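First chain written, first letter: the chains are A, B and C, and each begins at residue 1.
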Amino acid sequence: MLRGVAAVALSLLVVACQPPVSEADAAPPAIQQAAAPEYLNPSARLPFSEGVRHGGVLYLAGKLGTGGERGIQPETRRALESIQDALERFGSSIDRVLKCTVFLADMAEWSAMNQVYTEFFPENKPARTAVGASGLSGNGRVEIECMAAA
Amino acid sequence: MLRGVAAVALSLLVVACQPPVSEADAAPPAIQQAAAPEYLNPSARLPFSEGVRHGGVLYLAGKLGTGGERGIQPETRRALESIQDALERFGSSIDRVLKCTVFLADMAEWSAMNQVYTEFFPENKPARTAVGASGLSGNGRVEIECMAAA
Amino acid sequence: MLRGVAAVALSLLVVACQPPVSEADAAPPAIQQAAAPEYLNPSARLPFSEGVRHGGVLYLAGKLGTGGERGIQPETRRALESIQDALERFGSSIDRVLKCTVFLADMAEWSAMNQVYTEFFPENKPARTAVGASGLSGNGRVEIECMAAA
């Protein structure tokens, strides 16, 4: 009978000592952080992926807006529409952007760029840096890169 | 009495098998990473937030030092004082900065900028890139952006 | 003898109720995120660390390729070899790079730079921005900065 008690106690031990299953157990962070980054829409033609996702952050390649009417405002709008589209395709959204860097062909166009830029970020305004670049790809007026919460 | 032993053993089981309460249980990482970013001190007047916090990282907007005496050294000092102030208001500090990007109006002022810059980072030196920009906001001599451990 | 049973049961409790040691227990994420960043190879001579590691991301300082033959292609190769070397010394690798920023002394050298750049990223292409800088340290033709999965 003592053996019976001991056996019951041992069975209870086996059941009761299972730690509760939690997100922390299901997906331990160290393994998550060691996971390979996800390369999203890599281009055969271009030397970069459109986005890379890792550790809760989505890194987007810099976006131009040169594929249509030229000028700081149409190019800013097209670049940000392209960013918005990429964010959604990659599981984020424009209201989850963390940081943008805006490279301008001419800093004198800072205010004109901002008039369009602010339409896209009415609420959750990312941290931002905007500086003049001595040259942009495709002779663009503006290039914008973003990091977003994945 | 055997029941007494079993009861004591069971009581011990209940107490002893509680997994230790840890940060991992209190804040599982998967939920944390899905959380909305925190937009810190968004400006009504400017098109960005002063900082954004997400996933253990604080992203600061680029900082100028144009609000006083002009010149590379006073502007570098004022920009870094402004960064130091923002880091502390947002729960970080100057000794937890991960990466800085320094944009200079004139790369010839690199050494003069560094003389002031190094005063702010005597120990924990962030990774850094310093390049010339073809223009900076407010006609500044220097703009500095940082990411820091939150 | 009952005491003997109880003693055995208690010994089993002590052994059996240890939660399984996992990465999650060894390094809970919230504590990890609150941990101090790791400053890697800080320079006594230069105002930055070669890399900083925090929260699963490795931030590298911008790299030049000026220590040898000059020109966009040899300098791009040397900068990327230096990045590859640093990534490996700091526990990452070239196929785990998340994002690069390429600063060019002259955007007209974009294609020539890319010819070399793409050799280093045949598979896992990082997100990237490439812009012209009005000046680079050491009169370099190119400076490249990267973030990588740690």
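By definition in this document, a residue touches a chain if its C-beta (ideal position, glycine included) is under 8 Å from a C-beta of that chain, and two chains touch if they have at least 3 such contacts.
This is a predicted model, so every value here is computed, not measured.
Undergrad: How many degrees of rotation bring the Cα atoms of chain A onto the matching Cα atoms of chain B, given to the nearest 5?
TA: Answer in degrees: 120, to the nearest 5.
Undergrad: Could you check if the interface between copies chain A and chain C is built from the same residues on both sides, meaning over half shared, or from different ones?
TA: The interface is built from different residue numbers on each side, given that under half of them are used by both copies.
Undergrad: Would you kindly tell me how far, in whole Å, the mean C-alpha position of chain C lies from that of chain A?
TA: 18
Undergrad: For chain B, what residues touch not just one other chain but two or more?
TA: In chain B, the residues touching two or more other chains are 2, 5, 9, 13, 17, 19, 24, 28-29, 32, 55, 101, 132-134, 147.
Undergrad: Give the list of chain B residues in touch with chain A in this complex.
TA: That would be residues 2, 5-6, 9-10, 13-14, 17, 19, 24-25, 28-37, 39, 42-43, 47-52, 54-55, 59-62, 101, 103, 132-137, 143, 145, 147 of chain B.
Undergrad: Which chain C residues qualify as touching chain A in the complex?
TA: Touching chain A: residues 1-2, 5, 8-9, 12-13, 16-17, 19-20, 22-24, 26-29, 32, 55-57, 96, 98-101, 104, 106-108, 110, 114, 117-118, 121, 124-134, 147, 149-150 of chain C.
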